[in-house]
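In the part that follows, the structures are each spelled out as C-alpha cells.
First chain A sits with chain B, and in the next complex the same chain sits with chain C.
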Partner chain A sequence: MTYVDDYPGAAKLVRWHFGVAFIAFALGGVFGLLQGLYRTDYFREALPIDATQYYTVLTGHGVLLALVFTTFFICGMFVWATTRSLDRPLYSDRLAWVGFGSMFVGTALAATAILNGFAPGLPFDSADVLYTFYAPLKAHPAFYFGAALLVVGSWILGAVYFLTYREWRADNPDARIPLQTFMVLTTFIMWYVSSVGVAVEVVVFLIPWSLGWIGQVDPLLTRSLFWYFGHPVVYFWLLPGYLAWYTLLPKFAGGRLFSDPLARVVFVLFVLLSTPVGFHHQYIDPGIADGFKFIAMTNTMMLLLPSLLTAFTVVASVEHGARQRGGDGYLGWLRALPWDEPAFAGTALAGLMFAAGGFSGMINAGMNINYLIHNTIWVPGHFHLTVGTAFALTAMAVSYWLVPQLTGKPLRHRRLASIQPYVWFVGMTLMSNAMHRGGLAGLPRRTAEPVGDAGASAFDTVFSTIAEIRLQIALGATLLVVALLMFLVVMLGTWLSRPGVSALSVNGHIPEPLSGASNGPRVLDNLKLWTGIAVVLVLLAYGVPLGSMVADGILNPGASPFPV
Partner chain B sequence: MRDAIADETYSRRGVLRATAGTAAAAALGSAATGSAAGQTDFDGWFTDDAPGGTTDNYDGEVVDRTGEDEVTVTVGADGNGGTFAFEPAAVRISPGTTVTFEWVSDTHNVAVESQPDDAGWEGHDPIENSGFSFSSTFETLGVYKYYCDPHLSVGMKGAIVVAEGGGEQEDAVPAEYGDWFTDDAPGGAVDNYDGETVDRTGEDEVTVTVGADGNGGTFAFDPPALRVSPGTTVTFEWVSDTHNVVVESQPEDAAWEGHEPIENTGFSFSATLDTRGVYKYYCEPHLSVGMKAAIVVGPAPAEDGGGGPAGTTTPFSPLLGTVFAGAVAAAMLLPVLAGYYRRDQPETPEYDDGVEGEPGAGTQEAPVEEPVEELDHDEYDPMGTAALVAVYFLILVAMWVFMYFVEFLGNELTVIG
Partner chain C sequence: MEIHRFEKLWLVASLLLIAGFVATIVYGAVGAGVAMVDNSGGQVAASDPTASSDFRDPGVYQTGDGEYDVYVVARQFSFTPGSGTPIRVPEGSEVTFHIASRDVTHGFNVVGTNLNTMVIPGQVAQLTVEFDDARSYHVACNEYCGAAHHDMTGTIEVVPAEDFDESEVAEA
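The block that comes next holds the complex of A and B.
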C-alpha cells in the first residue's frame, strides 16, 4: 500500500499539479539557457532570438519558473502533505480541481501573452514586463488576468487545506496539529496576507490601466504593492522546501527530526516576519522614508533567526541519521550518509546551497551595502541559490521520492537520478559565484548585452576577468539545463512506465521526531493569534508609507520625474 | 577610492545607454513605416503671409507621387469654404511627369505664381468650367506655385515639387523610425511627433529648435522628424534651458557626435550630414518625457515602392513563432500523450481503505529502514552539528571580511581609507 492506493483522488490532483509544474520547468529552463548564452555572448549569432526578444525570454524564464513551476508544485505537494499528515482525504476534491483549473487557465493566458513576444500577430499583444511586473512596464491585459487567476487558484487550494483541517479538528478536538499540516497552514496564512498586495496591484491598477480605463498609475505605489508581495513570495517558495528539510530529509538520512517544537517556532516566525520586509527591495526608491526602510531591514535581519534555527535543527537531524547508520566523529559522520540516494543528495545539497544564498541575502538586506550590488547581476546570482536551488533542487529531490508513491511506479533511470543533483550543484556553483562576482564589479542585471566587452576596463573585477565570469555563467547555465533534462527523463520515464512490475524502492513511512509536539507549548498551534500579530506588524510597517503614497492622489506620481 | 566610484558610475550609465541603443536598433529592422509623404512650408505660400491667406485644404502634407508617369490635380475640388481647392494642394513628382488638371467645378483657372528659373510653365490663364482639362509635363527640378485667380482670396492655391528620387529607388531613404517615436522605445511616445516628416530636401541650411514647446513643457525638438538632402547643414538652436543632443543611432558609416554637454538658451551648433540614412537623437535630461527626434538624409521613396504594407509591424520571425506555438501546443498535449501510454494501468479504485487485509492489494513499498544503531533523544549529542555550525560561523565571518575589503582592494587593505 502506498499513497496512491490510500488516496487515489488526491494523488491524481498532485500528479496533475506536478505535471504542469514540470512542463513549465522544462520550458522555463530552456529559456534560461538561451538567456545565459545570449548575454554572455556565446553562440549569440546562432541563437534564434534578438536583443528585443531577450526580454521576452527573460520574462518567460522568470514567470514560468518563479511563479508557475513553484506555485503548481507547492499546491500539489501541499495536497499530499495535508492528506498524509491528517490521514484523511481532502475536504472536497472538486473544489481543489476548481483551484487547479483557475491556475491552469491563468497560466495559459499569461504564457500565451508572453510567448507573443516572439511572434506579434497572435491574439495577445506582448508582455515583456519581466516577472517583477510593476509599472511603468505594461503588458497585455491577458497577462494580468492570467496572473490574477493563478493567485486566485492558489487561494482556492489554500481554502481546501483549511477546510480539510477544520474537518479533522472536529474529529480530533484536543490533538496537536500534525507537523506537516501545521507547516502547510502557516505557509498559507503568510501567503494570504502577502498576496493581497499583488492582487490589489493587478486588479485595482494594472488591469484597468492595461485596458485603457485609466490613463496612468502611480509607479511607486504599484511597485510598493508588488514588493509587499514580492518578498514574502520567496518564503512561499522556501517554506515548502523547509517542510521537506524538516519532515523528509531526516528520514532520507536515516534518522528522526531533532525537534518538532523548534520547527513550529520557525514557521510561526515566518508568519510574523515574512511580509513587513518588502521595502528592502526598494532601498534606492525615492518617496519612501528611510525610517520605514530601516524597519524593513530590521525585520529582514530578524528573519535570519528562523533560518539559522533551521540550519541547526536540520543538520542535527541529519547527523542523527548518520549516527544511526553507524557514523561517528566530529565530521566523519558525514561519510555515513546515503549520498547516492537522489532524494537525500538533492535535498542536502539544496540545503547547503541555501546556506550560501543566506550570505548574499544578508548583503542584499543591509541598507548600506545593498547600494553596492543593487540592480547588478549579483541579485539573480542570489536568487538562483534560493529559489533556483533551495527550492528547485529540493522539489526535484522530493519528486524522486514522492512521484513513485503518487503513481505506484518504481523510479526509472535510477543512476541518472543519483547523478542529477550533483550536476545541478556544480552548474549552480559555477553560474552563481560568477554572477555574484560580476555584480561586485558592477555588471547590471536585466540587460541583453554582454557588457564588459566594450570599454571592458570600466568593469574591474576583484580578481580574474569579465571574460572568465562570462564563461562560468555560460558553462553553469548549460550544466543546469543538462541536469534539468536528466530530471525530466527520469520523471517522464517513471510516469510512462507500467505499474505493478515491481515493488517501489521507497516507502512513505516518516519517523516520529526525537522531541515531539507535546514538548512544546500549545500556544504554538494558535493560528489566529499569529495571524493577528502578523497583520498588526504589516500595518505598522506599511500603513504610513502606503498612506502617504495614496494621499497625493491614488493615480498620481508624487513628483515630476524630470528636471524642469 | 573616489575615482573608483566615479568610474563605476560612469560605466553603468554607459552600459544603460549602450543597451538602449542596441535594443532600439534591433527594433528598427522590424518596422516598416513606409510613409513617404513629406512636408514643407513653401516659404509661406499656403499661409497668411502670402496673397490670398491660408489655404485650408493644405494640411502640411506634400503628397508624394514621385515615380509615376501621370498625375492628376483636381481643380475646384471641395475645400476653402466651397468648391475652391486644388486637390492635392501640394504634390511631389519626378522629372518628366505629366500632370493633368481636371476641372470639377466652374470658373477656375491655373495662374503661375512662381517656378524654377529655367522652367517655362504657363499654367492656364483662361477661366474654364467643369469638364475642362489640360496637361503639362514638368522637366525642371524645383518648386512651382500656382493659384486660381478668381478664388485667390479664399486661398485656392497649389504647388508642385519636381524632385529626383522617384523611380530611382536606390537613392531613396525611407522614413523608417522603428518604434523610436512610440511607447516601446526608451522615453516613451513623442507627443509633438504627429507621424509627419517635415521635408526640407533641396535646402542648404535647416534649423532645428531645441527645447521648443511640446511633450508637456519646453521639452521638444522642432521639427521632431525632418528630411534633408545629403550635405545639408543642420543648425540646432536652444530656446530653453538644460538640453543636449545625444545620438541614439545613425547610418553605419556616419560619425555625427551630436552635442552631449548640457546647454542653455542661446546656444547653437551646426552639423553637416552627408551620409544617407536615418539619424535618431534625443535630449538626455528629458528623454523620459519623450524629447526625441530624427533626421532622414536623402530623398523620399515613391509611395508605392517597396514591399510591406505601410505602417504595420512585420513579425520578426514567423518561423520562430510557429516553433514556439508548436512547443506550447505539444506541452499541452503531453498529458494526453501520457494518458495514452498509461492506458494499460488498471483503474485505481475509489478510497479503498477496506482492502488492507487482502494480501498483495495495492502497490508494494520498500521496507522501512532499520537503523544500525537506535539512538534516542537522551542518548544523542549533536557534536557534529556543533562542529559544522562553528565552520559555518567562520565562513560567515570570512565572507563579511571579504565583502568589506572588496571595496578597498583597488587601493590597499585598510579600514580607514
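The block that comes next holds the complex of A and C.
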C-alpha cells in the first residue's frame, strides 16, 4: 500500500501544498535568473526589466522563494510526516484546508501587490520593499495583509499537527513520540515562538500605518521585530531539511539512522536557541547596546553545536548504509552509495553544501568580522547555500521520492531526475563561491549596479577580477534555472502521467534507527518544558532591548511612510 | 543515553571550536579594539536630524589635534557630504563619523574596509576610525533604499596633511 491509498485525504492536501510551492519556485527562480543577468550586466539590453524594476524582481524572488515556496512545501511535507509517523489521519482535513486557504489567499494578495510593480497605476500600487520590508519603505496594504495571512495559515496547519498528536497520545499514553512527529512538533514550537515577532510587526504596526491610521512607525523597533522572526525563520526552512537528512537520507543510502535520541537532542537545542539570536542580523545597527549583540553572538555560536552534531550523525548513518551495501575502506565506502538515485544524490549534495554554508555562517556570526561582509553579496552567497540549497535541493530530492507516493504514479524522466541534483550543485558552486569572493571585495548586495559610478577598479578582489566573479555568477544562475526547469519537467511529467501505466517501485517504509528512542531519556519528549525554557531565553535576550525601544515611545523615534 | 565514543570526541571538539570562536571575538573587541556600533550616537528626529541638539550641520569638524568629527546626512539618494562634495580628511587622522538618515534606512559602507554601518531613521550611527594612508575610498549605500538606490554612492578623500586646507573644516 502506498501513502495515497492509506491516507487519500492527507495525500491530496500535500499535493496541493506542493503544487503551490512548485509554482512559486518556478516564478521565483526565473526572477533569480533575470536578477543574476541584470546585475552582472550580461544581456542587460535584452532583458525585459530596467534598474527600478530590478527591485520588483528582487522582491518577487525573495518573497516567492524564501517565504512562499518554503512555507507551502514545509506545511505539506509535515502533513505527510505527521500522518505517516503517527499512522493515523489528520485530526481534521477541513481545518488543514482552512490553513491552506489562508496561506493561498495571502500569497495571492502579496504576489499581486509585488507584480503590480511592473505596471504601476494598477489598484494594488506596488510593493518594492524586498522580503525584509523595512519601514519606512511602504508597500500597498495588500502586501502586509498577504504576509499576515500566510503566517496565520501556517499556524492553523501547526494546530492540526498538534491536535493530531493529542489524539494519538490519548490512544498511546506511554509510547515515545515517533521521531518524525517529534521533529514536526519541535519545529512548530520554534515557529510559534518566533513568528509572533513578525505578526506583531505587521498587524500592530505596518498594517495600520499602510492604511494611514497611524502616521509613523519606529524603524528600529519594527526592524528588530522582523529579525526576532528573521533568524528562526531560517531554522524553519532548515529543520524540514534535517528531518529528511535524519529520517530519509540513511534509508536512501541503504542503512538506518545512527541515533534517535541524539536527533531529538538536536531538535531540542534548536527550540531553545533559534530565537534569542536575532540581533546577529543587527550587529552594525545603531541604537542597540553592544552587550545585547554580544549575547546574541554567544547564542549563535552555541547554535553551531546542533548542526555539528547533525554532521556527525548523518555522515555516520550514510556510512553505515554504504557498508551495508558492501562498501569498505576509510573513504572507499563513498563509492558504494547510490549516486544515480536522485533522492539520495540530491539530499546528500544538499547536506554537503550546507557544510560549506555553515562555515560562511560562522564568519557572519563573528561580531567584529561581520563589519567586513555585512550587506555585501557575501551574505546572499551564504544563504543560497543554506535555504537555496540545503533546503531547496533537499525539497526537490524528497519530492522525487515522495510525489510518486502522493500521486500513485511512478517517477517519470528518471534519467533527467538523476542528473538534475548535479546540475544544481555545479550551478550553485559557481554562483556561491563567486558571491562570497565578491562580498570580500566589498560588492554590495541588493543593487542593480553593484560597482556604481566608481567602476570595478574600486573593488579589490583577493585574487582574480570582478569580471570573472560576474561571469561565474551569471553562469551559475543560468545552470540553476536549467536545473529548476529539469525538476519541473520531471514533476509535471509524473503528475500528469496516466495512473496505473507501470507499477510503483518506491518503498515508503522507513527503517528503525540503530539506537532507538527508548535509549534516550523521557525528558526529551517533554515539549512543555522545552517551550518554557525557550520562552525564558527569549525574554532574557529580548526583554530589555525591545522594552527600551518601546519605552522611548512606541512610535518614536518614528519616521513617516515613504511609498516606493 | 548511549553515546558512541567517536561521537563524544566530536562533541568535545565542537564545543572547543565554539569556545575558540567566542574567544577570538572577545580578543577582537578587547585586544584589537574593534568597537561595535551601538547606542552611543543617541537619537534624533527621524525627518530632520540636524534640528536635534545632538547632531550638527553636515560637514567636517576639528575636535582636537589630528581628531575630526564628520557629520553625514543620508537621504534618497545621496550622502551629504560625500556624494556631491567628497568627505576630505587629512592622512593620519582619527575620525569619528556621526551618520543619520532623514528618510528611509540606508547603509554606509566604505568599500574594502570594516567601516560599515546601517543608517536607521531616528538613530545616529557613530564610529571612530583611523585613516593611515592618503588615498580615495568608495562609499556605497548597502541597504536598499528605493528606486535609485544603486546611484547612492560617495567618496572619502584622505589627503596628505600638507594638502589639507584648514578652511575646509566647518566652524565649530
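Everything below uses one rule, namely that the second predicted complex is superposed on the first by the 553 of 564 C-alpha atoms of A that agree within 3 Å, B and C clash if a C-alpha of one lies under 4 Å from a C-alpha of the other, contacts with A are read in each partner's own complex, and residues count from 1 in each chain.
Note that a residue touches a chain if its C-beta (ideal position, glycine included) is under 8 Å from a C-beta of that chain, and two chains touch if they have at least 3 such contacts.
Remember, predicted model here, so these are calculated numbers, not experimental data.
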Simultaneous placement of chain C and chain B on chain A, clash or fit: clash
Which of chain B and chain C A:Met431 touches, first, second, both or neither: neither
Contacts of A:Ile207 with chain B and chain C, given as first, second, both or neither: neither
Partner chain in contact with A:Tyr134 - chain B first, chain C second, else both or neither: second
Partner chain in contact with A:Pro444 - chain B first, chain C second, else both or neither: both
First (chain B), second (chain C), both or neither touched by A:Phe459: both
Partner chain(s) touched by A:Asp218 [first = chain B, second = chain C, both, neither]: second
Partner chain(s) touched by A:Trp16 [first = chain B, second = chain C, both, neither]: first
Which superposed partner A:Pro521 touches (first chain B, second chain C, both, neither): second
Which superposed partner A:Val403 touches (first chain B, second chain C, both, neither): neither
Residue range of chain B overlapping chain C upon superposition on chain A, of 171-179, 279-287, 333-341 or 369-377: 279-287
Chain A residues contacted in one complex by chain B, in the other by chain C: 51-52, 258, 312, 316, 369, 372, 442, 444, 447-449, 454, 458-460, 515, 562, 564
Chain B residues touching chain A - in the complex, by the definition given at the top: 4, 7-8, 10-12, 14-16, 18-19, 22-23, 26-27, 30, 183, 217, 219, 242, 285-286, 288-289, 313, 315-318, 320-325, 327-328, 331-332, 334-335, 338, 341-342, 344-346, 348-353, 355-356, 361-369, 371-377, 380, 382-385, 387-389, 392, 395-396, 399, 403, 406-407, 409-410
Contacting residues of chain A [partner chain B, same complex]: 1-2, 4-9, 11-12, 16, 19, 23, 26-27, 48-53, 89, 108, 111-112, 115, 118-122, 138, 254-255, 258, 311-312, 315-316, 319-320, 322-326, 329-331, 333-334, 355, 359, 363, 369, 372, 405, 408, 440, 442, 444, 447-449, 451, 454-455, 458-460, 462, 495-496, 498-500, 502-509, 514-515, 561-564
Chain A-touching residues of chain C, taken from the complex the two chains share: 1-4, 6-7, 10-11, 14-15, 17-18, 21-22, 24-25, 28-29, 32, 34-39, 41, 43-47, 76, 103-105, 107, 109, 111-126, 138, 140-151, 153
Touch list for chain A against partner chain C, complex: 51-52, 55, 58, 128, 130, 134, 136-137, 216, 218-220, 223, 258-259, 261-262, 282-290, 293, 297-298, 301-302, 304-305, 308-309, 312-313, 316, 362, 365-369, 371-372, 374-376, 441-442, 444-450, 452-454, 458-460, 515, 519-521, 552, 556-560, 562, 564
